[in-house]
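Handing you this structure, nothing more for now.
Should a chain be cited, it is by its letter among A, B, C and D, assigned in written order, with residues numbered from 1 in that chain.
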Amino acid sequence: MHIGFVGLGQMGAAIAANILKAGFDLTLWNRSADKAAPLVAAGATLADSPCALASGCDIVLSILADDRALDAVLDGEDGLLAGLRPGALHISMSTIAVATAEAVRDRHVARGQHFLSAPVFGRPDAAAAGKLSVVAAGDAADIDRAEPLLRAIGHKLFRVGDDPPAANLIKLCGNFMLMAAVEAMAEAMTLAEKGGAGGTTLLEVMTNTLFDALAYRNYGPMLAERRFHPAGFPAALGLKDMRLVGAAAEDSRVPMPLLSLLRDRLVETIAKEGEDIDWSGIGLTVAKNAGL
Amino acid sequence: MHIGFVGLGQMGAAIAANILKAGFDLTLWNRSADKAAPLVAAGATLADSPCALASGCDIVLSILADDRALDAVLDGEDGLLAGLRPGALHISMSTIAVATAEAVRDRHVARGQHFLSAPVFGRPDAAAAGKLSVVAAGDAADIDRAEPLLRAIGHKLFRVGDDPPAANLIKLCGNFMLMAAVEAMAEAMTLAEKGGAGGTTLLEVMTNTLFDALAYRNYGPMLAERRFHPAGFPAALGLKDMRLVGAAAEDSRVPMPLLSLLRDRLVETIAKEGEDIDWSGIGLTVAKNAGL
Amino acid sequence: MHIGFVGLGQMGAAIAANILKAGFDLTLWNRSADKAAPLVAAGATLADSPCALASGCDIVLSILADDRALDAVLDGEDGLLAGLRPGALHISMSTIAVATAEAVRDRHVARGQHFLSAPVFGRPDAAAAGKLSVVAAGDAADIDRAEPLLRAIGHKLFRVGDDPPAANLIKLCGNFMLMAAVEAMAEAMTLAEKGGAGGTTLLEVMTNTLFDALAYRNYGPMLAERRFHPAGFPAALGLKDMRLVGAAAEDSRVPMPLLSLLRDRLVETIAKEGEDIDWSGIGLTVAKNAGL
Amino acid sequence: MHIGFVGLGQMGAAIAANILKAGFDLTLWNRSADKAAPLVAAGATLADSPCALASGCDIVLSILADDRALDAVLDGEDGLLAGLRPGALHISMSTIAVATAEAVRDRHVARGQHFLSAPVFGRPDAAAAGKLSVVAAGDAADIDRAEPLLRAIGHKLFRVGDDPPAANLIKLCGNFMLMAAVEAMAEAMTLAEKGGAGGTTLLEVMTNTLFDALAYRNYGPMLAERRFHPAGFPAALGLKDMRLVGAAAEDSRVPMPLLSLLRDRLVETIAKEGEDIDWSGIGLTVAKNAGL
């Protein structure tokens, strides 16, 4: 089985390395070809274009920064859509709009190509360790044939239905819940700090009782230590994701005031701290706004 | 060691039963004496007043609905303050205002009495099972002498400093974080539902990845099944708690917009659904406001 | 001077009638030609396409429902851009995105055509009475030559700079301030009502003291009488406008929590009351959420 | 008719001066007696206590900083309640809680004394010019006998029912609407500023069209010029008022998310800018949070 991989950002490079390590035959494409060098050294092949890559592969995975980057890879005579053979499978791991996933699905279907959405949960260190959680939606037979590949990437695989955009919605909802947990911790820790009980003390009690979960165990210490650089996930991408949640919510007529709060927090944090702070840097804004 | 216990509500009755079961000599007082009957049948003694109870005890625990109820027990010639011997210890488990805890501490200290704040996390079923988490603050020697008693009540004991009000602040912050988690889940699940991915599917992915914690595992299914009656913790008490968090936040000059959102949600839920809905019933408001 | 007019919705039809009444030579185009009948009967000419209309005019005014409708009029071989002569002037009165106004400006400039943004404040009755307020931005000489025309439409003309998108931003900010005033009135009147002072009494005091302004005098009675149908300005268009404000705010990195509140209110109102309620119908949601 | 006046703060001193100027026989009391000196020089008499003052007066007006200050004036053997004759009238102009007004009313009624609530709208300069707006509630006959006095204070008098607390609720709602208008202007002007249209330009368009009202004409320029010191009305008092609105709203079960936003803004502004900024200084927070 020939595997293609498009998008060698922080996450993509780590994922591709694991695919290679698992013994798959791997062809790569990235906008900046130099990012591919270490993987080529480890045995991967570099393609000239998404089209060229796609034409030789059974399954192509892509993980790109946003909807526009994905469209740029798909479109045109050098694009993935032009190259992928009928019956071959494109698995999109990008965090993109639900509406974009619908459009991509329709374009593949119109060409007899297969399509899965399979976004992942986990930061770059989890990607490197092969410990991502993969949320896949699409035709069950397609998930079946992709499963060995997806297992090389993540230790958990969730099947969330047969319509690809459902996976994108789950991913967006998850990112919203993460940001919400960060905001809740930040407000509570700031109050505990200024009120004399101590933010770290609060965190210790909470993560050993009701909130003994990764979301709190990962982000709590970042907040306590104000460790927001370098960004594992930059605030600007976080804002993009919250905007996508908002677009889905407006389309579905779901008022989400907590989401709105988080969007404003991210805008404020970027306005004050710059674009390259981690998205959990909203906690810095919470603290500063209380005069800390 | 003679133990006194004041306040036989849903939580208090379960806690008192565990104290009795652990072999302590127990005297009770409750505003409505009939609530004491099962415990008296099991070996406890009933006192005529908080003062009478306190005068014969080494340690008195109290767990009452709100600040006013606690003051009513403390004040007057029949009150706990009048009866407690110098050197004896009052442990307050109620969820009360930080400012109230400060005042109660000062009144005890002025009389040579000792005082701990030791609020608990856990709903009535956890109380019955002796599986509460106890958050204690006050003099370390007082926590030491109370420890066997507190171990009979909860399987976890956290020491959060030597000033009692710190424990009350931790408790209030924890309840805020719980409500925040409920709001986040409710908004996300409503979007997943209306957007076609399914609220239950979302919940399953989240509680098996980033949110594998009691807060989400307990409240998620209540939201999914819209199971808000009978109330384990009524919305009116939840609103009271959020008001206390808000009072502490205003005193400490900490803006908490997420808290504000939760207060409005609780007010709205009570206005629309009545006083006797569970505090997680804010999820019903979230769903209805999206037209579900 | 030959004038063209595109877009005969509720607002457009009233504006076009006033232009005709002022004695201008007027050519019309509308997607549904039947809307033009009364104006043709009164002396206007009907064109076959935006291109045909534009090719014979010195100034073309357009007022369309949204960005997409404007683009549809501009684009293609039948489009306005294709027809407008170099040196001729297009005045866009639509409430559109700042970014869209920038793009339209650039496209006209590239063809040697002139462009003004001149959105208006006022509801259909003000349009019919020629009492709109016109907010114009663009080259001063262009505003000068358009002034007689704009005076036929509105009794007030504001010049807000020489870059067209500035007028669009002013218009969007104004609509935001209107919605904010409606929300403030609705919350205050609901409290006055439930608290026993009376919503109408409050309104009378306020509009005779600090809030003696059209925004409050127009919308206050609508709220007091719950008069939200038929919609003078439908909630769905209001939501569109708030979305455009939000897009400008995110682009400019301006956190606007009050805007966020209004967006959620509109989504909620549409989810519960349907698409065809007036945008001031958020007041109905405010009242219902308080149990009224 | 003998008039008593209690409370010579910035507002009170200006009001008392107008009463004196109108020819009324005036007796004063203030916690710090030195504030009375200019008025005594102009013909007023200084009393030793609220009780002494009240015992010789037909009507006593009071205007105090908060609920606690009012209670301090009313209570005890030197207090106003002890001194006021049956049938004599106390007019409270303070901005106090609705619940406090209810309690004060009941205490007066129990003594056969009469009571009006008559809070005012207007800042110190309006008070000095006798141009306050007076909002009075209580027995119509009492308002009748007080009318000449109230006309000396304000150029507008509103009668809002026969139960005194209704006037307090109207006053609180008005202050809420003012703060809401400030927030709306601040967000819009910040967006206009960063987006290139200009905050002052926006303000000029708005105050000449939909928002041609005192609230916008007074506060708009303060925002535009960032003129927040010295405080005409300090943020800490503004926060107190918003807390009283919130208490009334929670009691009446009215969710008010816009109010919540304003409370958080005031807390944030005080945390960052200190206690002595004008309440409209929330606009500074809005601007700074956008990176200005």
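As a convention for this text, a residue touches a chain if its C-beta (ideal position, glycine included) is under 8 Å from a C-beta of that chain, and two chains touch if they have at least 3 such contacts.
Keep in mind it's a predicted model, so treat the numbers as computed, not measured.
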item	value
Fitted rotation between subunit B and its twin subunit C in degrees, CA, nearest 5	180
Homomeric contact subunit A-subunit B: same or different residue positions, threshold half	same
Pair exhibiting more inter-chain C-beta contacts, A-D or A-C	A-C
Distance from subunit D to subunit A - Cα centre to Cα centre, in angstrom	53
Centre distance in Å when subunit A and subunit C are each reduced to the mean of their C-alpha atoms	39
Shared-contact residues (touching 2 or more other chains) in subunit C	249, 253-257, 261, 268, 271, 289-291
Complex interface listing, subunit C residues touching subunit A	239, 243, 249-250, 253-257, 260-261, 263-265, 267-268, 270-271
Complex contacts: residues of subunit D adjacent to subunit C	98, 121, 133, 135, 137, 156, 158, 160-161, 163, 165-167, 169-170, 173-174, 176-178, 180-181, 183-185, 187-192, 194-198, 201-202, 204-206, 208-216, 245, 248-249, 251-259, 261, 289-291
Contact set on subunit C toward subunit B in their complex	257, 268, 271-272, 288-291
